[in-house]
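Note that chain A is present in both complexes that follow, paired respectively with chain B and with chain C.
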Partner chain A sequence: MLATLSGSMVKGRRVDWGGIILYLILTCFALLMVAPLVYLVSTAFKPLEELFLFPPRFFVINPTLKNFNDLLMITGASTVPFSRYIFNSLFITLASVSLGVVISAMAAYPLSKHPMPFRKQIFSMIILALMFAPAVTQIPQYLVIANLGLMNTYWAMIVPGLAAPVFLFLTKQFLDQIPDPLLEAAKIDGAREWVIFWKIVMPMLKPALSTVVLLSFISTWNDPGPAMLFTTSESMKTLPFALSTISGGTGVIAQAGAGAAAALLTVIPSIVMFVISQRMVLETMAHSGIKD
Partner chain B sequence: MKKRLGLTMRARHIVQGYSFISIWIVGFFLFMAIPLFRSLMFSFQDLKIMSGGLEATQVGLKHYNNAFTVDTSFVPRLITSFTNIVIQVPLTLVFAMFSALLLNRKLLGRIAFRGIFFLPVIIASGAVLKKLMGQGATRLPIFDQVDLVGKLIDYVPGQILFPLLKMMDAITLIMWDSGVQILIFLAGLQSISTTLYEAAKCDGATPWESFWKVTFPMIVPMILVNTLFSIVSSFTKVDNSVMDYIQYIVFNKSDYGYASSLGWIYFVFIFLVIGAVFLMFRGASAEERR
Partner chain C sequence: MSEVSVETKVSEQARPLRAASKLKVLWADIVRNRVSFYFLAPFMILFLVFTIIPVLTAFGLSFTYFNILESPKWIGLSNYRLLFIDDDIFLKALGNTLKFAVVTGPLGYAMAFLLAWLISQIPQKYRFFYTLCYYTPSIASGVAMTVVWQYLFSGDRYGLLNYWLLKLSFINEPWQWLEDVNTILPIIMIVSLWMSMGIGFLAFLAGLQNVPRDMYEAGAIDGVKYRWQELWYITVPAVKPQLLFGAVMQVVGALNVFSVSVELAGMPSPLYAGHTILTHLHDYAFIRFEMGYASAIAVVLFCMMVGLNRFIFKWLGNKE
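And now, the complex of A and B:
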């Protein structure tokens, strides 16, 4: 398909207007797409008077490192070292992403490839759960966690996210496209289900799973919710929660700069994660043998 | 292999299937199904936080009545978020489709462009996006600066003009929101077999025709997935006005029973919208869907 569509790109020495227009459009879009990142970076370096300029300006005029200094001061003054928040966040995010992906894939496999009773019902339950506003389940979730005696533990922040229906839905959609004969061939060769899952299903799903990993990393890393609900002690707080207390809501002017710096720093792990998984995510389908 | 427990082939298959899914099911029941069921119970109750826990009194359908008759801000918010969907989802789909078609062409730096188009998904989520919106960075400033409304109102009737301007206003947000959709469309485009295009070309189809006769029909299932994804994500986004309101009632007013009933009304509402979309697609395509 690429070959047929790209016919218009190169035509000897004639000026290729189609190609130029294509690049122009893409560049315009790309500029708009980069805008949030540029804004984030430039805001982090803005001095106080520029932060509250009206009308707000996009770019910074007199860049300063003061915001980062402020951030260090504020975090240095708290009782718990800042590295503790980072560790908490990293640990919780990594644990819930890796466990969540495996559990979702394990659940998606029979849902997609095993003929078993209630399969349809389970799947429609998942779709229904997708539509539910999470705010409403928060307090009953809190009750469940409290009854299990998991308050103030890492478990409380990892486990509730594992059953997220979104990722099961995505994984199952991808799995549906893996051809059945491949699995049947393995079965005929005497492979057990467990072996099939790890040796065939998981490798085939790799591109799709890396998409799921990236999305779930972003959502877990940025979500202050679990820490807000399930912890009361300072040492169990996660980074986004700690940062949301730094910028202190809307009223606190003096710390707005530190908040902007903090926002920039929080985004960095997500970007790193994206750069690592980028190839896999963006080429999702190309190598997964889906075409046959 | 030895025969375990004397099960038949089929039964063993089922047991294996369920053993794979069991962990997820346990988690789902503990953290989704039970909380959902509880919140349904709560929605018929008045809850007070006492020292020993929650104290509940049955109030029947009171909350549901209040939502539509007493509460003055719930129904307007519901309508706002509905009109947002009607305006934004088609725009998102068109934009995502357009970008996916462009990004699927062979061009220099394709990977880089794809990466850039996906970037807002990472950055402009949650807290950062809220900040951007607060600063007015998500609106195109042209409209305010040249007083477009005043100039155009003479030529274009208001009923058409205002929704149109609203669309234009939302366009940056839509672009930032469509990363995942672009990805899904790209995946769909790549799974279309090359031979189809070749056959169309042999039969003398122009690129325009081969888009409508080959690409579009092949990508209809992906359009359905994307529509659902956009609708659900827009309805359950944290900055959605109804979600905002429910959050506010839960955490600021601690009126948990009322918030639960709002949540369930909202759920039924979303369900109806999605049901309508499904019906539309059933009419539009006779092909096999998942």
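And now, the complex of A and C:
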């Protein structure tokens, strides 16, 4: 009796140690990962005299909103107000996300549920397209956009990224594991394909579509690339592109704080998007495997 | 089986007719399924215009001299010869990219899997907190984070790293982290690793959470005693499809290094210490407008990505 009791106690203690080490590793890594972000938050609220304090300080002592004010003042003095960059980014991101989601879902539906010819070949092509980055196609893309006369338009920054293979891939994989009988029942009812798609398939795809929303949002919101390639006018530039020009002048003391404020404003929406969608994203990613 | 033998018996004369009727059957099949193609059309048209045609065009342009103003002139393999024999800066960029990929690819991949596995070992209610901590860096705008890196790796005493290293007397004078050719590439690697817990990490995490419980119970009966045995013999095979997806994403990401280098080290970086294949491409395409030469660079990068991924498919794909 005593032996088993002490045995279980030792075992209990050992499991505990394992647990402590586990949490210790996880927490150390978490701190390491979060530290740069914490510094960003802290810097965005630092008053001028704390920005160039010696010795350098990680945390803010007297937080202030002055940097956010400065941000409006600095860019107010240049030709384009800062709000214009925010508007451009918001508009392009919203358009890319909503169109991307619908297009991917529409393509995933027949590839997954219809006995159409070439579906295998088309899907293999999508897998092949997962294997390289869109960056390798940027030269011909640039030529296409230039020849279509789309330079300096919103279209140039929305359309090229819409048909992303990874969106179609994730949506199709998710749809694959939804059993067919539900759709069959609707077909027997005589519902048309378009009605089936909107009324039945789209609601079932919600987790996958949330994932596409998140991924599409992150890539459009954060990427300065399209604005760099396809625009020459200041009023068409997006937030990340404008940011690279603000923080470019690090020599100017006042801009260091404003730069951090702008950076913080850029980072927050992505985090909010993930917090909202995380449960559905993980549900989708469970089916992300490539089974050949 | 019987169909195959029938087909081989068909005489030579009947073949064209058969092919024609086959096409007809296929066409009828397409017409019958036209609604499916309508659904597919928006994606496929955009995919054709902005992915397939650009890939083919890049291959075509890589054999030409093309400066946008004049029409492309065919010059055969000259671009490739120039690239691999005379362009020392390209070779430097290639070397940097490979060094970067060899370090961050496997390390980022292993880190993502290990952290996802550790998270899957703790109770559900605590998982989200850690997931958020690890995933957030990968979705934080790279441009925005430059503010932080410029402070952390600043070359003067005000830089946090220099301050602490001086204080602990590891160094005697401030080190120019982002200007010194020896530290540019390592810092690009560190920052990239920090941002690397992305879509692959989420795929691992989701896969690991969905390994059926009974597989572990069956494993315990079969004599699995330790956690590492469980991990190696049960967990890894169960999440193999996610591992393959993560690997593909990792390869593309590792060879796609561009923005981190430009944001940290500038373009061109000091003595090209942070130069990569993509910065070289960008330089020739959008600064010098030598589109033919830049296309050759794009083709080389394309072949590296697809080639390496094909290899990984053979290696990780279903062997059994």
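Miscellaneous remarks
Definition applied: the second predicted complex is superposed on the first by the 194 of 292 C-alpha atoms of A that agree within 3 Å, B and C clash if a C-alpha of one lies under 4 Å from a C-alpha of the other, contacts with A are read in each partner's own complex, and residues count from 1 in each chain.
By our rule, a contact is a pair of C-beta atoms (placed from the backbone, for glycine too) under 8 Å apart; a residue touches a chain by one contact, two chains touch by 3 or more.
No experiment lies behind these values; they were computed from the predicted model shown.
When both complexes are overlaid on chain A, the residue A:P110 reaches chain B and chain C alike. Look at A:L22: by the touch rule set out above, it reaches both chain B and chain C. When the two complexes are overlaid on their common chain A, residue A:I188 makes contact with neither chain B nor chain C. Contacts of A:L229 after superposition: chain C is touched, whereas chain B is not reached. With both structures placed on the common chain, the touch criterion links A:P140 to chain B and to chain C.
Of the two partner chains placed by the overlay, only chain B lies in contact with A:Q177; chain C stays clear of it. Where the contact sets of chain A with chain B and with chain C meet, they give residues 22-23, 25-26, 29-30, 33-34, 36-37, 39-40, 43, 55-56, 58, 103-104, 106-107, 109-111, 114-117, 122, 125, 128-141, 143-144, 159-160, 162-163, 165, 168, 193, 197, 215, 218, 222, 240, 244, 260, 263, 266-267, 270-271, 274, 278, 281-282, 284-286, 290-291. By the touch criterion given at the top, residues 1, 13-14, 16-18, 20-21, 23-25, 27-28, 30-36, 38-39, 42, 99, 102-107, 111, 113-129, 131-132, 135-137, 141, 172, 175-176, 180, 183, 186-187, 189-194, 197-198, 201, 207, 225, 232, 235-236, 242-243, 246-247, 250, 256, 259-260, 262-264, 266-267, 270-271, 274, 290 of chain B touch chain A in their complex.
Touching chain B in their complex are the following residues of chain A: 1-6, 9, 19, 22-23, 25-26, 29-30, 32-37, 39-40, 43, 55-56, 58, 103-104, 106-107, 109-111, 114-117, 122, 125, 128-141, 143-144, 159-160, 162-163, 165, 168, 173, 176-177, 190, 192-193, 197, 211, 215, 218-219, 222-223, 240, 244, 260, 263, 266-267, 270-271, 274, 278-279, 281-282, 284-286, 290-291.
Those residues of chain C that touch chain A in the complex are listed here as 26, 29-30, 33, 35-37, 39-40, 42-44, 46-47, 49-55, 57-58, 61, 68, 115, 118-119, 121-122, 128-137, 139-152, 157-160, 163, 167, 194, 197, 199, 202-203, 205-207, 209-210, 239-242, 244-245, 248-249, 251-253, 255-256, 258-259, 263, 278, 281, 285-286, 291, 294-295, 298-299, 301-302, 305-306, 309-310, 313, 317-318. Put simply, chain A touches chain C in their complex at residues 22-23, 25-26, 29-30, 33-34, 36-37, 39-40, 43, 52, 54-56, 58, 103-104, 106-107, 109-111, 114-117, 122, 125, 128-144, 159-163, 165-166, 168, 193, 197, 215, 218, 221-222, 224-225, 229, 240-241, 243-244, 247, 250, 256, 259-260, 262-264, 266-267, 270-271, 273-275, 278, 281-286, 288-292.
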